[in-house]
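Both complexes below contain chain A, partnered by chain B and then by chain C.
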Partner chain A sequence: MPRVAILKFPGTNCDEDVHHVLRNVIGIESSIVWYKDFVLKDWDAIIIPGGFSYGDWLRAGAIAARTNAVEELGNARSSGVPVLGICNGFQILVEAGLLPGALLLNESSKFVCRWVRTRVENPKGPWLSLVSDGQTLDMPIAHAEGRYYIDNESYSVLVKTSPIIRYLPGFNLNGSLYDIAGIATEDGMILGLMPHPERASEDFLAPRGFKTGGRIIFESIAHSLKRGW
Partner chain B sequence: MSTHLIEVIITNKKGVRDPEGETIHKHLILRRGYSMVSRVRTGKYLLLEVNAENAEEAVKIVKELCEKLRIYNPVVHDIELRVHA
Partner chain C sequence: MPLTNEEIDEIRKILGREPTVEELAMFEAQWSEHCSYKSSRILLKLLPTDGKHVLVGPGKDAPAVKIFRDYAIVFKIESHNHPSAVDPYDGAATGVGGIVRDILSLGAKPIALLDMLYMGDPRDPHANWLIRGIVKGISDYGNRIGIPTVAGDTWFDSSFNTQPLVNVACVGVANIDDLVLGAPKPGDLIIIAGNATGRDGILGSSFASKPLSEDRDKDIGAVQVGDPLTEKLLIDALQFLVSKKLVRYIKDLGGGGLTTAISETAADHGLGAVVHLEKLHTREKLSPLELLVSESQERMLIVVDPSNSRTVEEILKRFDLQYSIIGYFTDDGIIRVYFNGNKVAEVPAKELARPRPIRRASTPPQDALKGLKPIFVLPPEPKYEEAILKLLASPNIASKRWIYQQYDHEVGIRTVVKPGYGDAAVLRLLDGSRRGVAVKGDANPRYTSLDPFNGAANSVGECFRNLVAVGSKPIAIVDELNAGNPEKPEQFWYFEMMLKGVAWMAEELRLPVVGGKVSFYNEDHMGRQVKPTTTIVGVGRVDDISKAMTVEFKEHGSAIAIIGVTYPELGGSEYLYRLFGIEEGEIPRPRPVSEIRNARLIQKAIRLGLVNAVHDIGVGGLIASLAEMAIMGRLGFSIDVANIYARGVQRIDELLFSETQARYVVEVRGDRVDEFTKLARSMNVRFSIIGRVVDSNRIVITSNSKTVVEIDLDRVADVYNNSLEVELEGEA
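Now for the complex of A and B:
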């Protein structure tokens, strides 16, 4: 049975939600792992959940990105372990340089908590294995520092090679460049996104007019770990 | 009249704890072995472009507006004004 680590830092607060979805909705084994106890080789996949690691001091994700646990994730690429960063987890991956670009303060300078509609382009890799190209996924966002920034040169590479999750028109509430809500490495092994798939995995949590777009990401990893991708 | 760049640096007063600075110090700098760093204080930086007769007058204007508009909170903050080089 594959095992998923849910990496917890001081200030992480979505770990229980992710744990609940993996265990009770998807039926896959997972554990919440304190960052000091994290050993890469013990796990088949790693999720960095949302929250406010180290109080968002300096920049959101900047301090967690310099812990041994996250530096070890740099080795996850070579050892073929899938990594997912949700919200603050995405911020950590970007700060660690495992994903390109940066996440800046929202254009409104305010914390935004709303359901949004996104579309997946060029799905690849273990986290998007069940997602079809152009599929829309509804999920809520909840962040103050989610305005994705990338320089033109890096973007022109990214758009040709990597999976991209974009906010659909009217749902780019933070001012992200190119409406980017999430990105992955070229092989899709490392995925980061600002919306919260764990809050969009059960029907009773979706407001009227929205579907549970997050569940397919967890279904994908469960499927991928059993059957490959 | 000419344009002067005036910097405003706002920090917590000596006796007021600065959790952001403490976190950066303890969890980032010391953890990564820079034990020669004994303290970190954070603050806020503003750069104001001021039309004034000279730099001295520009500083005076900025000092006044910082106090009048409560750009900083004198109960807990110190400010430092500098002419931008």
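Now for the complex of A and C:
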């Protein structure tokens, strides 16, 4: 049975939510791992959930990105372990240089919690293996620092090679460049996104007019870990 | 409030000698109104606090009620009015922190926050600054600790321009067997865990027990500063310690700081304590007096059996939490405080913890007559289109999404009915079942200022209806009484009447008032009391979250019904105020008998699946409820007001805008109308079917088939959705 680590830092607050979805909705084994106890080789996949690691001191994700645990994640690339960063987890991956770009303060300069509609382009890799190109995924966002920024040159590479999740028109609430909600490495092994898939994995939680767009990401990893991708 | 001369004499008598400066500070903190309830304690006994669901009533850090056979809800309300007036960001943020720690003290898991905010006119520059700071403070703190802010209440009124009311509530769940209800024993260790103690919030509870000084900068040192990261670590660590059954007792260090935490714990259990102040971890060098009364946030007192202390220490270290073991409890009832080996205080715990109650004089003021005056002559009937749009633009009615979108209301993945969608929030227990809990907070400052007794009763009624409307069974309430200066009889009268109103209505609705808080001295800098306000927070039991009810219309062709009788009750209404500037008259009467009868029908109709949507009728009257149902559902409607079951009503504005209590609007499923009608008749409930939901994007109101008004739904939605933002941020 494959095992997924949910990496927890001081201030992480979506760890139990992700744990619940993996265990009770998807049915794969997972554990919440305190950052001090994290050892890469014990795990088949790693999720860094949302929250406010180290209280967002300095910049969101900046301090967690410099812990031993995240430095070890740098090795995950070579060892072929899939990594998913949700919200603050995305911020950490960007701060650690594992994904390109930066996440800046929302254009409104306010925290925003709302359901949005996104579309996936060029899906590949273990986290998007069941997602079809152009598929729309509904999920809620909840962040103050989610405005994605990337220089033109890097973007022109990214758009040709990597999976991209974009907010559909009317749903780019933070002012992200190119409407980017999430990006992955070229092989899709490392995926980061601002919306919360774990909050969009059960019918009870989707408000009227929205679907549970997050579940397919967890279904994908379960599928990929069993059958490859 | 510094100690009075009589109180100092009393302290001399208790001690049999001159008190030390440290002892005086301890008495000042503990005998403050905020900590001791000395002015309110006699009257608070009027509240009904018993019931078959009550596990822990008032008196502990937080009450607990049995919501299911195996589950308890721990919930409590708190005010942070004074700090928020001086430093809105930190004042509001630390209010959140404090209420969460109260919930932790019983070993429960906090799952929801509510904010009841009564603030000034958004267009007043100072009030605007306060509003933004308060909301941002709650947002930054609440979001960081991973507890969703799911519901609340908001009111804007110029009387709150310089002194807002910031009431926060937290709801926690626990397995009944896991509640920490033990008592400390002599020899048990006193561990203080969390933030290092600093020079903030020195005698803060004493500061909250007097009017603000004219020079606000003088008060700034009494405001605490929050650290949500430490709070989050405390939440995680305490939950772990409780799950391992390693702690005997937990208490928050809140108002009164270390002094209150130790004296109340000791006094409640007939114990004494030995405390060595120099052992406390600190941010800076502090005097013993400062150590005793600092209200630095994010600190908790954990009582541990000495045999567990090593394990507990290891766990605290693992969670990156600072802590210190500062002493132990004794069996002699005396609190002895040492600093570097010198005794600085020696006081009996009981006498310190419980000052003698004070009986305050109470006289109705001249102003109270405003609420007794029936409105004989109404202003001429308005143009209805303009009137409806003006009313929906009122910040007291318009969508509060500018506020709640700044709060993470989804973290924890329990929030089934989210802000804006229902009359109350519904959270699932997340235990694998479909069980859940409904929560809501309510007040109407205009009602309580015009008629404190009936106004407070209506707050209870409103909360009751909101819980019923989402399909829950109301279980218990807590109250926050925000009043003026208890030393002024004409202000104390409002407190007394509000309290009696809550007591009466709670008794009638069979809702135990299991806890609460009193906030006095809510005066502006001129010594005028702000609108006295009774805030009620209630919890309800939801047996099946898949049946939780929301407000939005769902089906073209379904029937719209009003449950309850409409009376011409426009006194104190939003309509009269917003359109004509009239703020007087008899407010709507509380109607407990109808409340209970009508609630039963709603509960039954929801259970049987006869209705698609339910919305209570409150501020703004029938039209405000209908508009919200249409806007959220993106479906129009057409009604004929002549069909409304009413008594004594002579004009259309009375039908549309009356705020008569005990009423609901329901959307009855198109194919179940007969069943619904039969059910309502059999339960002897007054109701009327007034129209239909129409997929037309229009709101059409007729009277005996003659058009009263016809408005585009998009226009109505635009006004409703965006007015608050425009008020706060100006036109885009």
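Assorted remarks:
The rule is short, and it goes like this: the second predicted complex is superposed on the first by the 229 of 229 C-alpha atoms of A that agree within 3 Å, B and C clash if a C-alpha of one lies under 4 Å from a C-alpha of the other, contacts with A are read in each partner's own complex, and residues count from 1 in each chain.
Going forward, a contact is a pair of C-beta atoms (placed from the backbone, for glycine too) under 8 Å apart; a residue touches a chain by one contact, two chains touch by 3 or more.
Because the structure is a prediction, the values reported are computed rather than measured.
Of the two partner chains, chain C is the only one that A:140 touches; chain B does not reach it. In the superposed model, A:54 makes contact with both chain B and chain C. In the superposition on chain A, A:32 makes contact with neither chain B nor chain C.
Legend: residue contacts after superposition of the two complexes on their common chain; A:168 is shown touching neither chain B nor chain C. Look at A:207: by the touch rule set out above, it reaches chain C but stays clear of chain B.
Touch criterion not met for A:105: it reaches neither chain B nor chain C. Chain A is touched at more residues by one of its partners, and among chain B and chain C that partner is C.
Contacts of A:66 after superposition: chain B is touched, whereas chain C is not reached.
Overlaid on A, the two complexes show chain B and chain C touching the same residues of chain A, namely 54-55, 57.
Of all the residues in chain A, the ones that touch chain C in their complex are 10-11, 13-14, 16-17, 20-21, 24, 34, 36, 50-52, 54-57, 110-114, 140, 142, 144, 196, 198-199, 202, 204-205, 207-208. Of all residues in chain A, those touching chain B in their complex are 54-55, 57-58, 62-63, 66-67. Of all the residues in chain B, the ones that touch chain A in their complex are 19-20, 23-24, 27-28, 31-32, 42.
Partner chain A is touched in their complex by these residues of chain C: 136, 139-140, 143-146, 227-229, 232-233, 318-320, 404-413, 415-416, 418, 421, 428, 430, 432, 545-546, 550, 552, 554, 633.
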